[in-house]
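Below you'll find a set of structures to go through.
Each of the next two complexes has chain A plus one other chain: chain B in the first, chain C in the second.
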Partner chain A sequence: MRIVNIAKDFTEFPSGRYQENGTTSGEEFRKKFLVPAAIGGNETTIQLDGTIGYGSSFLEEAFGGLVRETGLTAVRVLELFKLETENTVLREEIIDYIKAASDRSSRGGK
Partner chain B sequence: MPTHFSLTRSGKEISSLLFEIEKCVLRRGVAAKIDFKKTEMIHVEACILLFSEVERFISCASISKPITIIDPVRRRPREVLKQIGLHNLTGDSSDVVPERPDVVFWKATRGFDQSGSALGPMVKYVAATVNQTATQKVVQSGIWKGVSEAVTNSVDHAYKFPRKDGFVRLQGSRWTMFTQIKDGLLTIAVCDSGCGYSESVPKTIPEHIIGSLSALFTSKLSADSQAILLAMEYGRTSTGQAERGKGSRDALRVLTEHKRGEMFIYSNCGSVRYKFNEASASPEYSAVSLDFYVSGTIIGWILPIEGN
Partner chain C sequence: MAESNWSLDLVKAAGPSLVVVVGWFVANKFTVDRERQNTKRSMIVQELDCLSHDLDRLSKVIFRYHEGERSIKQERTINVSLQDLTQRVTNIGALSRSVTTSANLTRFVNDFKRKATLKHFEDGHHGALDQDDPQLQEIAAASHRLRETFSKAKFEQIDA
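Coming up: the complex of A and B.
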């Protein structure tokens, strides 16, 4: 299983939603790490601890955006990606974004 | 020039002063002097507005040295202006070396995008400083959530829509952040010179939601104050319902994670203040309509870090 440590492999200061607005954005992280792993069907551990923290825009665009971009279901995303953190609230927040994006997608929305 | 540079005490004077400088520098193309000689106290929310506006005037001016500052006679405000880098912005010199303990923890940074690299080191530094010395620690990740989302909102929304006030626009987005540790309080503020909540809210929140949420607030408030409240309420209640709008919830989480303190928002002629209520364990708001105009939006947090 591949391991991505966000603080070491991406940035200690994740922030923002879109690539066009900065290099530490959720979209940048998704395209660099999450989408390639999802397309390849590679199980990946995402280590979340060690950064300064996470804003909602970053998390939603990275993980909710993964569902929107790939069309994968929440179940499949959570099979592929193991979220590793001591912060259970953070983990739940990410799962909420994944499930909400999946729900909207299954209802035909974006 | 007011002796107390504070939006709560001298907002009208400060607003008029900035408007006069704008007229002078940007409309008439004449250099202006800002005379701080009589200034005794400088407060974060007024100072960040001044800094942000001076930067806008200089960025948009067509003359070579549009603004000169005349330093305060008093040592403390003189140190503050030096510490935040106002002289660097205007190109003036100052031989004062900030050394007062209530000045050296003023920090300023600014940026153009949502990259964490401009904000992150400062938030990390200030949280570490507080957590080494204060009796009540701060939650670094909670502060990051609020601050980084405030910047994200500024870049995403504040500069995408036009203003109605004849304001000379900046090219691209721009934000400023200040932090201050003083008198047992950590203050953090983010300011932009954008269009304000009343312009961006109708374009970013669905109309039917605006309709239903508007009923929660008194219509006696200015459109700006109502727009701030709408955005905050939308963020608070839209969990899982939409992919956008959660920045406002993140802003309030700074208070709920710290379990004390206040958050303030100024936007054009609106002002809303949230105070954490320990009995209900949630923030409660008070809103007013201002009799002066803030060019853009300021969002800030005041967190007690001493005692309980």
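Coming up: the complex of A and C.
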């Protein structure tokens, strides 16, 4: 299983939603780490601790965006990606974005 | 037969002392457990008071951020503070061992965070919001709900 430590492998200062606005955005993280792992079917542990914190826009774009971009179901995304953090509230927030994007996608929305 | 009587006499003689010793151990264990529970409840109540106070301060920073021009310094303060808030809520959930309390705290702290940072945050901030913007009202409502949840969780500890 591959391990991605966001603070070490990406940035300690994740911020923003879109790639065009910075290299530490949710979209950048998704395209650099999440989408390749999802397409390759590689199980990956995402270590979330160690950053200064995450805005909801970053998290939604990274994880909700993963569902929108790949068309994977929430179940499949959660099988592929293990979210590792001592902050269970943060983990719940990410799971909510994954499920919400999957629900919207299954209802035919964006 | 004589030996058997001797053993019986010993048990009879030691019986009351044994009851006293076992009773003392049981009572002591109950007292220690109760004191531990009281200390834990007191810690949770104190932490919930602190959280409520910190939530007020953070809400003010969040309002200033959305009502003003974009500030990366404020964004970092907000991200750090929200990270701290959610971690402390996680700790309280684990300490309280109440599934309902934990679920409510998680739900309302995440709702507050989302209202504050899902829209018009970081690269989504394109100028100050009007004071009557719906997002500001949503943040205020979410902050109020979270404060209420802290209070309810606190009273649960006091009533328990």
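Following the convention adopted for this analysis, the second predicted complex is superposed on the first by the 110 of 110 C-alpha atoms of A that agree within 3 Å, B and C clash if a C-alpha of one lies under 4 Å from a C-alpha of the other, contacts with A are read in each partner's own complex, and residues count from 1 in each chain.
Throughout what follows, a contact is a pair of C-beta atoms (placed from the backbone, for glycine too) under 8 Å apart; a residue touches a chain by one contact, two chains touch by 3 or more.
Worth saying up front: this structure is predicted, and the values here are computed from it rather than measured.
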Combined model on chain A where chain B meets chain C, clash or fit: clash
Which superposed partner A:E92 touches (first chain B, second chain C, both, neither): second
Touched partner set for A:E12, first chain B, second chain C, both or neither: first
Touched partner set for A:A100, first chain B, second chain C, both or neither: first
Touching partner for A:E84 - first (chain B), second (chain C), both, neither: neither
Partner chain(s) touched by A:E69 [first = chain B, second = chain C, both, neither]: neither
Against chain B, colliding segment of chain C, chosen among 8-16, 26-34, 62-70 or 98-106: 62-70
Touching both chain B and chain C, residues of chain A: 13, 15-18, 21-22, 25, 52-58, 60, 87, 96
Parts of chain A lying in touch with chain B, wherever the complex brings them together: 11-18, 21-25, 52-58, 60-61, 64, 87, 96-97, 99-101, 104
Contact set on chain B toward chain A in their complex: 113-117, 119-121, 123-124, 140-145, 148-149, 151-152, 155-156, 173, 239-241, 243, 246-247, 249-250
Residue numbers on chain C that touch chain A, as the complex places them: 72, 75-76, 78-84, 86-87, 89-90, 93-94, 105-106, 109-110, 113-114, 116-119, 121-124
Chain A to chain C touching residues, read off their complex: 13, 15-18, 21-22, 25, 51-58, 60, 86-90, 92-93, 96
